[in-house]
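First, the structure itself, so that you have it in front of you.
Here the chain labels run A, B, C and D in written order, and each chain numbers its own residues starting at 1.
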Amino acid sequence: MALQVSVVGSGAENEQRAETVGRLLAERGATVVTGGRGEVMAAAARGAKSAGGTTIGILPGETRDGANPWLDHVVVTGIGHARNLAVVASGDAVIAVGGRYGTLAEIGFALTLGRPVVVLEPGWEVEGTQRARTPLEAVEFALAAARHISDT
Amino acid sequence: MALQVSVVGSGAENEQRAETVGRLLAERGATVVTGGRGEVMAAAARGAKSAGGTTIGILPGETRDGANPWLDHVVVTGIGHARNLAVVASGDAVIAVGGRYGTLAEIGFALTLGRPVVVLEPGWEVEGTQRARTPLEAVEFALAAARHISDT
Amino acid sequence: MALQVSVVGSGAENEQRAETVGRLLAERGATVVTGGRGEVMAAAARGAKSAGGTTIGILPGETRDGANPWLDHVVVTGIGHARNLAVVASGDAVIAVGGRYGTLAEIGFALTLGRPVVVLEPGWEVEGTQRARTPLEAVEFALAAARHISDT
Amino acid sequence: MALQVSVVGSGAENEQRAETVGRLLAERGATVVTGGRGEVMAAAARGAKSAGGTTIGILPGETRDGANPWLDHVVVTGIGHARNLAVVASGDAVIAVGGRYGTLAEIGFALTLGRPVVVLEPGWEVEGTQRARTPLEAVEFALAAARHISDT
């Protein structure tokens, strides 16, 4: 099984950086997991597909409505915002790119579960997360942390 | 139906303040909703019962194991940390007393759903929350915000 | 804490029997737990309130929209149909009055979790459930099973 | 995106038939979605991998513990039995192979959400499901129903 990295966040202004994150993850062989919808989620998946990677979207609703078109596999949870728990739990590491309150919940859940969290600056400042200045740094931090977890 | 206020948080050092919050809420006729377990959750429920109030605990597991003894009604969700969503969604307002990452997820969810959030200082600093210096201030802010929401 | 009995089901044709079930449960001191919405859920809560009982509704959405007016306490889960798990997990026993596929999921979950299930005839025929011919029989079977569980 | 078919059920005595179901689905290009654990879930994934197919496991816990080794992608939900909703919601169709109460909940949820359900005999008898006598028949029924849904 490939490493899985969850990319969370929102905000149209963060799409370009999210797309780069997705592409860099795919180039390094990691599967990109997201919440499956628009903005940062769509951009990360689009970036991963541009590099021939694999993408999984974990949707909140009861159907695939609202899924972005860059998903290889779609998980339809039917549990609304509680799917945020599944998004971060499914990652060996989590990268947050922008985002508002839903992202804050995801960071809280990821840290509760012991998943490494990298915040691509600017972004939520939460003790216990690692901060990255560039998409490349975010991806390298996340993969290093994920491999460290996998080894232990 | 009485107003319902969710009290979230953790940390043994916050129990006394949480108990005061619970008592003050009950004295003002609000039902106290918590995650149903120990520390802040137990203290808030204990405080509410000391004033003859009503308490609801929303548990993460599949049984009542771990429930504190100050609950009038217990909801057993079976959904683990995702029950944090139900805890805050069930409040007309939310008061956070201390707490770590689970509380951060609850604050994120509460703000996502538009529930007013009062943070009793010291505590997580999150834009969009109201800060209170004392339990009394926290309770008054929460009830004012809850009534404002109910009126609109 | 009072015994909690979950009443599940649907169908306008089952409302009268559900109301009797709710009333009989309340007369015997049990709290009535339901999914909080219409038809059987509303009727069971209405019956409980007619006897001065206590009612809890566990709603699927992110707000109280759709809650029936006979609820003392409302839990807003935000997890859609997955709240069916919480409805049955919160009961010391479960009584099914009519119902279609959502009720079948609830019976499946209740039996998975070891909750006693009484089906008021006619209704889903599932091995492992107890069948009752009248509301009174359903209530007596449910309370006996709930007390048996509580004692062990 | 490939069609996704969820295979649910349990019971060691059903593993051989589940493995055939998984293999036949993969041979026809469908992705196999399961609850990610043992018995029928493991057998279906193993069958799919034997034919070079793609498999997704949707786990109940907060880690990958208990995942079978035939999964390409693992979704860790953290929501316990409520993940059954996600398992069936993620399928364009659902095939039930044996199974006990958890499977009954899955059938109930699938029918609630309008997903076509094929029961490989013997198995739960539920109105609204289609019955198949052989794994081949189950797969053909499921794919025909899934394509019919996708076309509408």
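As a working rule, a contact is a pair of C-beta atoms (placed from the backbone, for glycine too) under 8 Å apart; a residue touches a chain by one contact, two chains touch by 3 or more.
A quick note: this is a predicted structure, and the numbers were derived from the prediction, not measured.
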Selected from B-C, A-B or B-D, interface repeating A-D by over half of its contact pairs: B-C
Which of A-C and B-C has more C-beta pairs touching across its chains: B-C
Type of chain C:chain D copy interface by residue overlap (half), same or different: same
CA centroid of chain B to CA centroid of chain C, Å: 26
Length of the line joining the C-alpha centres of chain A and chain C, rounded to whole Å: 39
Multi-chain contact residues (two or more partners), chain A: 62, 78-82, 85, 109, 113
Overall pattern in which the protein chains touch one another (line/ring/star/complete/other): complete
Chain D to chain B touching residues, read off their complex: 62, 78-82
Parts of chain D lying in touch with chain A, wherever the complex brings them together: 1, 4, 31, 33, 54, 56, 58, 62-63, 71-79, 82, 85-86, 89-90, 109, 113
Complex contacts: residues of chain D adjacent to chain C: 79-82, 85, 100-109, 111-113, 126, 128
